[in-house]
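The structures considered in this document are given below.
In what follows, subunit A forms one complex with subunit B and a second complex with subunit C.
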Partner chain A sequence: MPFKSSPQKFNAAINTVEIGSGDKKIVLGGECVYPLYAFDAPIENKPVVGIEITDLGVETFADCIKEYYAGATTLGEIAAKAAAAEGASFVTLTFEGADPIGENKSVEECVAAAKEVADAIDLPLVICGCGNNEKDVELFNAVSGALEGKNILVMSAKEDTYKTVAASAGLAYGHKVGAESAVDINLAKQLNVLIGQVGVNAANIVMNVGTAAAGYGFEYVVSAMDRIEAAALSQNDNMLQMPIITPVGSQAWGVKESLVSEADMPAWGPQEDRGVNMEVCTAAACLASGSNAVILRHPKSVATVAAFIDALM
Partner chain B sequence: MAKFITIGERIHCISPVIKEAMATRNPEPILKRAKEQIAAGATYIDVNIGPAESDGEDLMKWAVQLIQSECNNIPLALDTANQKAIEAGISVYNRTNGKPIVNSADAGDRISNINLAADNDAIVIALLSKDGIPKDNDERMLYCQEMLEMWMMLGQDPTDIWFDPLFLVIKGMQDKQLDVLAAIKDISDMGLNTTGGLSNVSNGMPKHIRPIVDSNMLAMAMMCGFTSAIVNPCDTRLMETVKSCDIIKNNFLYADSFLEM
Partner chain C sequence: MALTGIEIFKLTPKKNCKECGVPTCMAFAMKVAQGAVTVDKCPYFSDEALAKLSEATQPPMKTITVGEYKLGGETVLYRHEKTFVSKTLYAVKVCEKDPNCEEALANMGNVDYERIGERMYVEFAYVNYVDNKEKFLELVTKAKEAGKTIILGCKCPEVAKEALAITGKDVILNGATAENYAAMNEVATAAGCVLGVRGENIDELYDTVAALEAAGNKNLVIDVTLPTIKEAFAAAVQLRRAALKEENRTAGYPTIVDISNPKYAADATMQEALATLFTMKYGSIVVMSGMSYAQALPLYGLRQNVYTDPQKPMRVEPGIYELNGATPDSVCALTVDFALSYFTISGEIERSGVPCNLLIPDAGGYSVLTAWAAGKLGAGSIAKFIEEADIENKINNRTLIIPGKVAVLKGEMQEKLPNWNIVVGPNEAVQVVKFLRDL
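Take a look at the complex of A and B:
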């Protein structure tokens, strides 16, 4: 009997969300098929790769990543270099230095850093906080105001902070809002509902549903993302049809496979190869599970994952 | 599994307000009830124009266009004994959000509504009765087979014929309730869809008791695989039951706000 292909195309689709403006803007989502299933129906907006820097430049990153930025001294120069990395479609600025337990940089310093980065690049900008909720709320508000009109994505609005983050970044300044949950499908959905109730249009919400480095409980990430995709597409659940962005670099470069030096563990081989492999594996797995964008650190990982996406569609 | 489908029953010519609005072509009371039901979570809206022997075609066209144009093309169930009126309604029906439902055919006099639905690419509600109430489930299943076969011979998708087992009034036919549930189970086990006028079970009961009995009957029916019902979506208790059962059956992903969705 001849093979009859029956495309698994749904009568539901992931929302499209634009970040940035002009020629370089990115469009996330829009697909009506499972992740990367371009053979079932065309995927108009293929997944994109972003490159991460922090307000401290790349000071805290592995030496092998720093090498790429050699010669760049100001934050603006570092940002420009990041934006020039092969395969990078957007830049992520993480306010690592704002952490009250760390350098505790003031909100004014953060705003200055955000402006410097925004002025140095023409790629879309994604903002991540320091992880301290109180500080993040303050700095997201100030940075959103300073970058009004740039159509940035502000990550993240969490269960404890969504009201203020959604109201300032999303409503007052018209940016995109990132809803952050940690591998919890019910909370992922609930946050979208709540952010919607604040008044942010569903088309302006992107989800960060959490991740782990490959091998570190990643199967939970896959099952959560699978369930989200199934609800969004096969059950047409419009409270889960937001595109997904996944910060992979921070996880992949935080595990022993990427952190231990070759001197300490000669049998494991070069640290750079291990870190890049960890980052690429995790990113590929996230894309296969439903991420519309991944955020990476090493320029080699960025180029590899971007080439992987291009080769698939 | 897909979410449970509710067909809002409140646009019915038995209501004096609606009857008057239909006779005088007054949009306001009809739109008010349509919008209330949609806000309450109805998936489909039933449009019952009664026998409508004289101006049925014109009336159904008017009602379909009125409700769909004002309510984002909400899908409708066209409910009348007048076949020409159903066809007229379908001729102006917008399918953006779902096929029209022909309400209804049975295994007796109204069997030709199955042809009508097939000819018009519509969903059809098929009552498991011929003349009066079926005496047992053997009779129900006989009609089910008969109408399913006819539908399939017409080249139609078996999931587009929704079988109505006929809910029976508890006050008078209390001993038959489990039969109805067993029929739903048997039909569901074949992968087919079901629907029915649920509130018949509580007919004649005090007003404050009816939502309680209706909700519990619905929960038990959903456990048997029941896929849709013709209900009053403004009954909060009933809609909370539908939503909770959808969560328990994993038809819809849980979130703390699920009752508001």
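Take a look at the complex of A and C:
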């Protein structure tokens, strides 16, 4: 008697959200099955991998990542090189240099950087702020205006900033809005509701529900995403059916395992291997929990995770 | 699915004889349903009723024991539903055909470290047989001498028998197929070891398991290494789901997945991605071609996270943690023993590069505000910790940074610890780097 399989296909589905335009646009979401369960029902829009650069180029990244960009001097050249990485479906530009306690670059400089990157690539663009709410609100507004028509994703609208970010990026300039919450299903849902109340259509929202590097409280990430997927699919909760995007690189390259030099920890081996494995492991775990897109830094991680997704589709 | 109290009540003799120690049969049935008493306390159940009850009270997924390790026994598909119980274990594969197999076996012990009270190492040596019996048996002997728990990858009953004579019963004989299962069953049963079932697709695996069960062997694991990764992942998920959701007990065995095959993974980095996938979703043993520190550090960390009981937060040992080469003259900072708080704060302190003695009192494993609200982190308990841990003799510096969220403790702490300069730190971990550098 053969094995009786009961495919777990739901009547509900994750929303589809398009970013970018033309042949290279990406479509996130649309699946009516649990993450990566392509054997239950076809997953039309496979999860995608993005590659991250900053407005400072890759200056603050680990040396092993910089090597890939050798020869690229302008931000535009760096962006083009990033877009050419095997497996990359979109580029993420993080305005690290805008941070008031760092380089404190002006909004005008950020807009110029965003334009330079957007002009250099034909892949969809996702932008991330510096983490300072006041500055981010200002620069998101300016960058959204400058890139009107590019259909970018603006990350992130948070509890404290969603009103202005959703109104400018989402309503005034018609971009996609990233709703950023901190590893909790209720916070994620509440923020989606609030952004919806500003007037942004649910189909224009992507969630960043937060993450951690593998080993650093990742159980909370797993459980938050497991519950969000369950609510979205088995309970048809419209306010949690937004696709999920997860910035993995910034977390993975910020933990001890990726930062300690080989000289300090000879038994651990080359730093590059450790960083790449931390990034790949965290990304695979996020994808298995429900991310529709992950943002990575090292080209080797990008290629590996893209191949990993392909093998499961 | 377990029977409800009412369903059990229908099977009871309904005599209310009290011999079971409970006033009525109804009350007894309710206790059985909760698992508070076992059915054998009632002497009057009919054989038929007992058979029905024992079938219903069997766990949906079997726990299989191999030496010191336990596999399976899971009751939920998602950790937030209750908890996972048997963590994924890792094996490194050595094959007699590989000229470097002895080196690979020796390297298996390289990764061995402790992380939050858990020893991290490769649990199993997967010794694979192709056609050179002498070399295989030699490798099995070496693996045994190295103290590894062994998985024998061997489909030949005669060779398996000789290998089992070397290893004893605490191994997995991974080699029963649709063709050889009867002979392999005999060898495994005679040796008293766990038998692994292999096949070309999920139906074949399932049929072979059913045939072995019919022959009376339920000491099994299922090898879901199918021709493609997609099929392997599908099999791991579908079997676990069938076992837990549909009470299909023939599907309720732990799984092995061998990702060392170059068809699956072109390199070690791809193996890391696949090992992660099967750690998250339903692989009981993941077989890899090697385990470096670069692979182990994220993977074991992830496993430790995923397999913690959601009801019991991970804790670190109270004490002094010297970060960035701190000496007795370096500044002190304090946080709680909740593992996530510790990791976040210690990570930020390490990023700052400022030498710092991180003091961790016993705060019940709660986060800062929860511990404070629960009375587990107060001026009194901190002062007591500083005294009991003999910190004033171990550390010369008298500046103590406390979490910004419990700034309210400053006054009372200053009173209780008059020799110390109590400094209120930032509210959020991300501000720690700047705070310490500016200090």
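Here is the rule we go by: the second predicted complex is superposed on the first by the 312 of 313 C-alpha atoms of A that agree within 3 Å, B and C clash if a C-alpha of one lies under 4 Å from a C-alpha of the other, contacts with A are read in each partner's own complex, and residues count from 1 in each chain.
Just so it is clear, contacts are C-beta pairs under 8 Å (C-beta built on N, C-alpha and C of every residue); 3 or more make two chains touch, one makes a residue touch a chain.
Please read these numbers as outputs of a predicted model, since none were measured by experiment.
Asks: By residue count, is subunit A touched more by subunit B or by subunit C?
Replies: Residues of subunit A touched, subunit B against subunit C: more for C.
Asks: Once the shared chain is lined up, is A:Ala288 touching subunit B (first), subunit C (second), both, or neither of them?
Replies: Touch partner of A:Ala288: subunit C, not subunit B.
Asks: Counting only touches as set out at the top, which of subunit B and subunit C does A:Arg227 meet: first, second, both, neither?
Replies: Both: A:Arg227 reaches subunit B and subunit C.
Asks: Going by the contact rule set out at the top, does A:Lys189 touch subunit B (first), subunit C (second), both, or neither?
Replies: first
Asks: Regarding the shared-chain residue A:Gly269, is it in contact with subunit B (first), subunit C (second), both, or neither?
Replies: Second partner only, subunit C.
Asks: Could you tell me if A:Met239 is touching subunit B, subunit C, both of them or neither one (first, second, both, neither)?
Replies: first
Asks: Scan A:Ser168 for contacts with subunit B and subunit C and give back first, second, both or neither.
Replies: Neither: A:Ser168 stays clear of subunit B and subunit C.
Asks: Following superposition on chain A, which residues of subunit A contact subunit B and also contact subunit C?
Replies: The answer is residues 227 of subunit A.
Asks: Please output the residues of subunit C touching subunit A within their complex, sorted ascending.
Replies: Per the touch definition, subunit C meets subunit A at residues 78-80, 115, 202-203, 205-207, 210, 228-231, 233-234, 237-239, 241-242, 245-246, 248, 251, 264, 266-267, 269-270, 272-277, 280-281, 292-295, 297-302, 304-306, 308, 310, 339-340, 343-344, 347, 350-351, 430, 434.
Asks: Using the touch rule from the top, collect the residues of subunit A that touch subunit C in their complex.
Replies: These residues of subunit A touch subunit C: 1-6, 8, 36-39, 101, 131, 213-220, 222-223, 226-227, 230, 254-257, 259, 267-270, 273-274, 276-278, 280-285, 288-289, 300-301, 304-305, 307-308, 311-313.
Asks: Report the residues of subunit A in contact with subunit B in the complex, numbered from low to high.
Replies: Counting only subunit A, the residues touching subunit B are 185-187, 189-190, 193-194, 197, 227-228, 231, 235, 237, 239-240.
Asks: Sort out for me which residues of subunit B touch subunit A in the complex.
Replies: Contacts found on subunit B: 2-3, 251-257, 260-261.
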